[in-house]
Amino acid sequence: MNVVVVVGNPKTGSRTRQAADLLARRLTGNPPDASIELADLGPALLGWGSPEVEAAKESVRGADLVVFASPTFKATYSGLLKLFLDQFSAGELAAKPAVALMLGASPHHALAGEHTLKPVLSEIGCSCPAPALFLLDQAWESSPELEAWLARAAVAHGLPGAAGEPGEPGAAGAAGEAR
Amino acid sequence: MNVVVVVGNPKTGSRTRQAADLLARRLTGNPPDASIELADLGPALLGWGSPEVEAAKESVRGADLVVFASPTFKATYSGLLKLFLDQFSAGELAAKPAVALMLGASPHHALAGEHTLKPVLSEIGCSCPAPALFLLDQAWESSPELEAWLARAAVAHGLPGAAGEPGEPGAAGAAGEAR
Amino acid sequence: MNVVVVVGNPKTGSRTRQAADLLARRLTGNPPDASIELADLGPALLGWGSPEVEAAKESVRGADLVVFASPTFKATYSGLLKLFLDQFSAGELAAKPAVALMLGASPHHALAGEHTLKPVLSEIGCSCPAPALFLLDQAWESSPELEAWLARAAVAHGLPGAAGEPGEPGAAGAAGEAR
Amino acid sequence: MNVVVVVGNPKTGSRTRQAADLLARRLTGNPPDASIELADLGPALLGWGSPEVEAAKESVRGADLVVFASPTFKATYSGLLKLFLDQFSAGELAAKPAVALMLGASPHHALAGEHTLKPVLSEIGCSCPAPALFLLDQAWESSPELEAWLARAAVAHGLPGAAGEPGEPGAAGAAGEAR
């Protein structure tokens, strides 16, 4: 299963990136096939048709599952992530399975993914069967919310190992790596 | 496949009901196993624990797919539908596949399902892999929006029949039955 | 200043009601002119044209400021409140100043008012210059959120008394404790 | 009255810009004091602390009324506009009166301003007493929606001339100039 992570944090190597990578590992037992740091694309995202942006889009189009990850800025996803989503046409991703992941400083913004990110992903054609996942940026590595979400997402996405058994290569191992 | 339709129109036999039944047929090739007219439950929805309401919930819990259908009132779902959704606890429907369907008089409210109904369905645990479907109430039986949605929803839900049966004018056959 | 409170809690005398009444006092220095418990209207809200419902609407139409208050059910306002809002036609309240107040058990739903209640109030014509106020139902009487909101709302609404009057039992007392 | 327009269209001189300028004229009888084309700020918006961006923010902070205008991209505001809004801290604009204006190709996205742009403006502290205005980009200059909105917004904002009398310098005259 080809999993691609898209990271909308203006800073590379952020907790947003790490949490998204962890999520990919927890969902499939493997690291993501690609992690696209939108911060690396920079000004190319302000126009249309850049080859670097096109390559990132191609990577997304080729994935079996995409994790769209954003810090919470102004109670919603970052402008940087939106710049990239704006590069797709409506419906372009044709029922592509996707996960909406947001990290935030306060639980008060926990509804942001459901109310703001998922509708945009839906507009560009993604299929988001699982609820949006919101993680406190101080507790993204291990939280009851993460485990509960993984259990439900595994069912919603028809994925194998979300909950993970101790000693399993997938979930548990991956979680270990992330610490 | 057990498909249950939930109709949030205060008037029974409404276009909302008919459109929801049609959608069930178009998705599976069969009429829904049950169509719950919330208007029939009436005041029982204002309290908690009514046997009639419990039976309706049980029907929803036992379905393989639920179509939640509402007219557009005040740019969102009806209060009647919300009364019923309020009867479920958070996460109760445990990744139950669901479709959000809204009928409205004007295209100006087309985003209502995505922004208002799907988040509530998600909160009670539903999995909504397809986009919300919005149909003009004057054109619910046959519209390009319906056909495009069915094609995409079939992929998103892993369903067979959205495109109709071979030899059928497709949509047309099922639509014919609905009249 | 004629202030009317509308309470969408299925139980009368709820914390939702008490918080809404407090808010009215804090905003104006006086108790509300009327507090409409929608639970008292009961089944009349399931149809159209009931005299009791019409009287409640008339009270709202005659107010200078309306506080719409709801518990958080399924991450949004209650079905009971929506039944009442559905009784108004689009734009009917003609720029009526209004406040959206929600009480919830968890801060995770703090965005509900902004994303779900204010858009409906806007659709029926209300003007909501202040942000939606979300209060934890365990801490509705005194919280930093309340004080911060009052300060901002007083500016947004051009109201005098957000901070309450010294010596008052209601507003001032609570405010005093909060300082 | 100092009115500032913020334009989130990646192309300068767009219909978004023209519609926003018209709106400012219709609301006050005068052209806006400043029209900030975010496209001119370019890559400076991808980081923090640029002097050009700071000057634009200062202009917004000094306004009596701000029109935030965006094309509809992916059923919501543009990533470019969000980059600029991300530059403000939560609550920074301290009850600043603001208008949310979106232009779109299809009426299907008419709810975008209410559901997506206004909540962000609220988060950075703006006060948006009027409903979001959505204009079809083919008909932004003259539409019944515009006139109805102006009448209501004038009341909500306590502005003078929105509806405009024939011969008045404000509304009507300005509208005439814009055609």
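Residue numbering begins at 1 within each chain, and the chains themselves are lettered A, B, C and D in the order written.
Throughout what follows, a contact is a pair of C-beta atoms (placed from the backbone, for glycine too) under 8 Å apart; a residue touches a chain by one contact, two chains touch by 3 or more.
Keep in mind that this is a model prediction, so the values were computed, not measured.
Participant: Comparing A-D against A-B, which pair counts more contacting C-beta pairs?
Facilitator: Pair with more contacting C-beta pairs, A-B versus A-D: A-D.
Participant: Of the other chains, whose C-alpha centre is the longest way from the centre of chain B?
Facilitator: Between chain B and every other chain, the largest centroid distance is to D.
Participant: Looking at where chain C touches chain D, is over half of the residue numbers used by both copies, so same, or under half, so different?
Facilitator: same
Participant: Just how far, in Å, is the C-alpha centre of chain D from the one of chain A?
Facilitator: So the centre of chain A lies 31 Å away from the centre of chain D.
Participant: Suppose each chain is reduced to the average of its Cα coordinates; what separation in Å results between chain A and chain B?
Facilitator: 28
Participant: Where in chain D do residues touch two or more of the other chains?
Facilitator: Where chain D meets two or more other chains at a single residue, that happens at 75, 111, 114-116, 119, 123.
Participant: Could you list, by residue number, the parts of chain A that touch chain D in their complex?
Facilitator: Interface residues on the chain A side: 10, 42-43, 45-47, 73-86, 88, 90, 115-116, 119-120, 123-124.
Participant: Would you tell me which residues of chain B are touching chain D in their complex?
Facilitator: Going by the criterion above, the answer is residues 75, 106-112, 114-116, 134.
Participant: Per the contact definition, I'd like the list of chain B residues that touch chain A in the complex.
Facilitator: Touching chain A: residues 91, 94-95, 97, 111, 114-115, 118-119, 122-123, 125, 127-132, 152, 155-156 of chain B.
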